[in-house]
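There are two complexes below, and they share chain A, which is joined by chain B in the first and by chain C in the second.
Right after this comes the complex of A and B.
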């Protein structure tokens, strides 16, 4: 509850700061301070101290899983603020409003990661999506941004419609919005139909194949800063909601959907990785890579064990930190294609080294957080009884090495004049700290996962 | 067959017929008008369920406000047969197959449900007093949280709708170039 109220109030404060503060620097500092306060409040709640006692009538449950993910999301957002908040300025004139929308998204993340009622799931997913439609189109003079925003909005509202239809059918079958249904031996057909519709709409929100078609266009068209937030924190939040929904609401009818989710995971892995190989633009490659990483996260929903829960949290942290780091560098590059990175290592050896750490983590090379999170997923999948799916996932991870290493190749082994602007010392140190966390989590994952239990 | 059942069948058949006409009509204005008929029949269903408040709100919000917006948009865009985009045959076929598959799955799924007619002659949960009590007692948390949703939508409307002051010529030229490059790609 702490994080929810703090981030919602922060959003309102940021909204007012647009006319109370006319200095861009003070707006930025205010946003950082408010987010830090939210993080601290959330840690207090994780330690069992809640500032607010509100009777939610069982519609929200702030268990450790939800609180820990909220913490991960908030910390990743803080890293995003530190690295990219100056680039937000360049999108347009409504600087503080962008921050306020980001805070509202954080409030949506809290709701959608701690819901106990389908009504709350719907509200959370909507609070998450609507500010994103706006942020996607915030670069108003850029036609591609407008197109991406409209496309995202239309498709997103369609999938929301499917979700509502599914919730209505489930309500018809069970007579309640609360999750945690128990079914007799014969599963009502209405429940199955509703579950399928919810599966479709959640797959759309996390861009799992075959509902991924909007992703490359939207990620490519949106301002790069926004893409970096959208592809990481928000996508991870979608997965947490997905997992919670299928573990709690449909956990008792698991045989009905297990095969389907397995197929979705396999198709997502295949399409994401194979298409990413052919991309020429790094931004588009990262969009497809986010689809392929979504395939790995789908494995957690397939297996639904304790390992999968730990793994999903770790995966969310590892993937978000690495992708935020790469995007922060990409925003400052002049040319977004692979050729644009030619000779980058000669000019910026320090930054290039850090980028390599992030890329290795995304590819899942040992000693990085990416490796361990993939390892958890595979372990959970094998325990869940599907060796074939795990083998397929490993093969696809091997494909992903190709396109991640292609960027390393352009940076180190090709000559060219990559141009990057606006790299301050603080920026470099923050990136180095992110890389440090990536390696630290790759060696001691317990630093994060222990919070689930103690 | 009581009066409620006769009314139900009339309303149901009108609802399905008008909903089909929304899709079939060539002229978009007719589509919207048929949609209004659909909304009225659905309101009729609400009244049969003794939910007067929902029925009235459905007419005010959907048939009133939203349909007027629809009509305005259609008139502003000046849609007619000449401007109708030509869709390829394959696209139509693909759409028919996809829609048909969904219909098949839904019909196959719902075929086996127990037949039951819900007739709420005595139920009074839909009355405005009870609805208000439920909304502000049991569902007060979602009610308050939805205010975040509306607030973010309002901020978004300001962000997207407010006129931008002129930006310096250089940046504008750069953006125009970028857009043109994007279009060329």
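Right after this comes the complex of A and C.
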């Protein structure tokens, strides 16, 4: 509740700051301070101190899983602010509005990760998506950005329609919107149909195959700063909502959907990884890589154990930190293709070294957070009884090494003149801190997962 | 009237909406079809709400009222979506002087 109210109020404050503060620097500092306050308030709630006592009629439940994910999302957003807030300036004139939209997205993330009622799921997903449609199209003069935003908007509202139909059918079958249904021996047809529609629409939102086709276009067309936020924090939030929905609402009819989710995970892993191999632009490669990482996160929904829960939180943190870091460097590059990175290590040895850490983490090499989060997922899958799916996931992770290492190869073993602009010392140290966290979580994952229990 | 009629009617409207989204090429018409899908859901929710009221009113006095509440939330969110969606379409029209989605294939390559 703390984080929800703080981020919603921060969004409103940022809206007013556009005419109260006429200095871009002060707007930026204000955004950082407000987000820091949100993080602190959230930590207080995680420690059992809630500032607000509001009766939500059992529609929202702020359990440790939701609170911890909110914390991870907020901290990743803070890292995003530190690294990329100056690049937000370059999108357009309405600097403070972008911040206020980002805060509203954070409020949506809190709602969609702590819902107990399907009404709140719907509202949370919508609060999170509608500002994103605007942010995607925020580069108003750029046709690619316009097109991406229209495509995202049409796809997003179409999948919202499917979700609402699913919710309506479930309401017809059970008579309530509260999660945690109990079914008799025979599962009603309406419930199964509703479950399928919800599965489709959530797959749309987290871009799992076969509903991923909008992702590369939208991620490629959106301003790179926005893509960096959209592909990380928002996608992870979608997965938390997905997991919560299927664990709590459909946990009792698990045999009906387990195979289907397994197939979706396998297809997502396959399509994401194989298509990423053929990309020439790093931005587009990262878009496909986000699809393939989504396949790994689907494994958590397939297995639904405690390990899967811990793993999903760790995965969200590892994947978001690494991808935000890579995008922060990518925004400053002149050329987004793989050739644009040729000879990068000669000019910026420090940045290149940090990028290597992030890429290794995404590929899942030991001693990085990415390895342990993949390990948790695979362990949960094997415990869930599907060795074949786990083996397939490992094979696909091996494919992913190819395109991540291709970037390392261009940076270190090819000659060229990669051009990067605007790297301040502060930027480098922040990136180094992110890389430090990535390695630290790779050695002591308990630092994060213990928060789930005490 | 039995509940089946309402289910068939709203499923028909919903499927018309889906077919419209998939086949039409004008952004505004696609958008209208999406609204049609949302309104089919509204109709279904109200019908279910009445159904649950009739069956459960002896046990709970306000049975089924949450379905009608949901309808209001859908209307509010749909209005917000219209505001954002139409402004995106207007922005696109200013740049390309067209609202045809076939025109939008720059991102493919």
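Quick notes
Note that in this section the second predicted complex is superposed on the first by the 454 of 454 C-alpha atoms of A that agree within 3 Å, B and C clash if a C-alpha of one lies under 4 Å from a C-alpha of the other, contacts with A are read in each partner's own complex, and residues count from 1 in each chain.
Everything below uses one rule, namely that a residue touches a chain if its C-beta (ideal position, glycine included) is under 8 Å from a C-beta of that chain, and two chains touch if they have at least 3 such contacts.
Note that the coordinates shown come from a computational prediction; the quantities given were computed from them, not determined experimentally.
In the superposition on chain A, A:11 makes contact with chain B only, not with chain C.
Of the two partner chains, chain B and chain C are each touched by A:134. Contacts of A:164 after superposition on the shared chain: chain C is touched, whereas chain B is not. Shared-chain residue A:59: touches chain B; no touch with chain C.
Residue contacts after overlaying the shared chain place A:101 against chain B, while chain C stays out of touching range. By the document's definition of touching, of the two partners only chain B reaches A:93; chain C does not.
After overlaying the two complexes on the shared chain, residue contacts for A:123 are found with chain B and with chain C alike. By the touch criterion stated above, A:143 is placed in contact with chain B and with chain C alike.
In the superposition on chain A, contact of A:289 is made with neither chain B nor chain C. Counting contacts as defined above, chain A residues 119, 123, 126, 130, 133-134, 137, 140-141, 143-144 meet chain B in one complex and chain C in the other.
Interface residues of chain A, counted against chain B in their complex, comprise 4, 8, 11-12, 15, 54, 56-57, 59-60, 92-94, 97-98, 100-101, 104, 107-108, 111, 117, 119-120, 123, 126-127, 130-131, 133-134, 137-138, 140-144, 188-190, 192-193, 196. Listing the residues of chain C that touch chain A in their complex gives 3, 7, 14, 17-18, 21, 27, 30-31, 34, 37-38, 40-41, 44-45, 48, 51-52, 56, 63-64, 66-67, 69-70, 73-74, 77, 80-81, 84-85, 88-89, 91-92, 95-96, 101, 104, 106-108.
Chain B contributes residues 105-106, 109-110, 112-113, 138-139, 141-142, 145-146, 148-149, 151-153, 155-156, 158-160, 162, 164-165, 167, 172, 175, 178-179, 182-183 to its touches with chain A in the complex. For chain A in complex with chain C, the residues that touch the partner chain are 119, 122-123, 126, 130, 133-134, 137, 140-141, 143-144, 146-151, 153-154, 157-158, 160-162, 164-165, 167-169, 171-172, 175-177, 217, 220-221.
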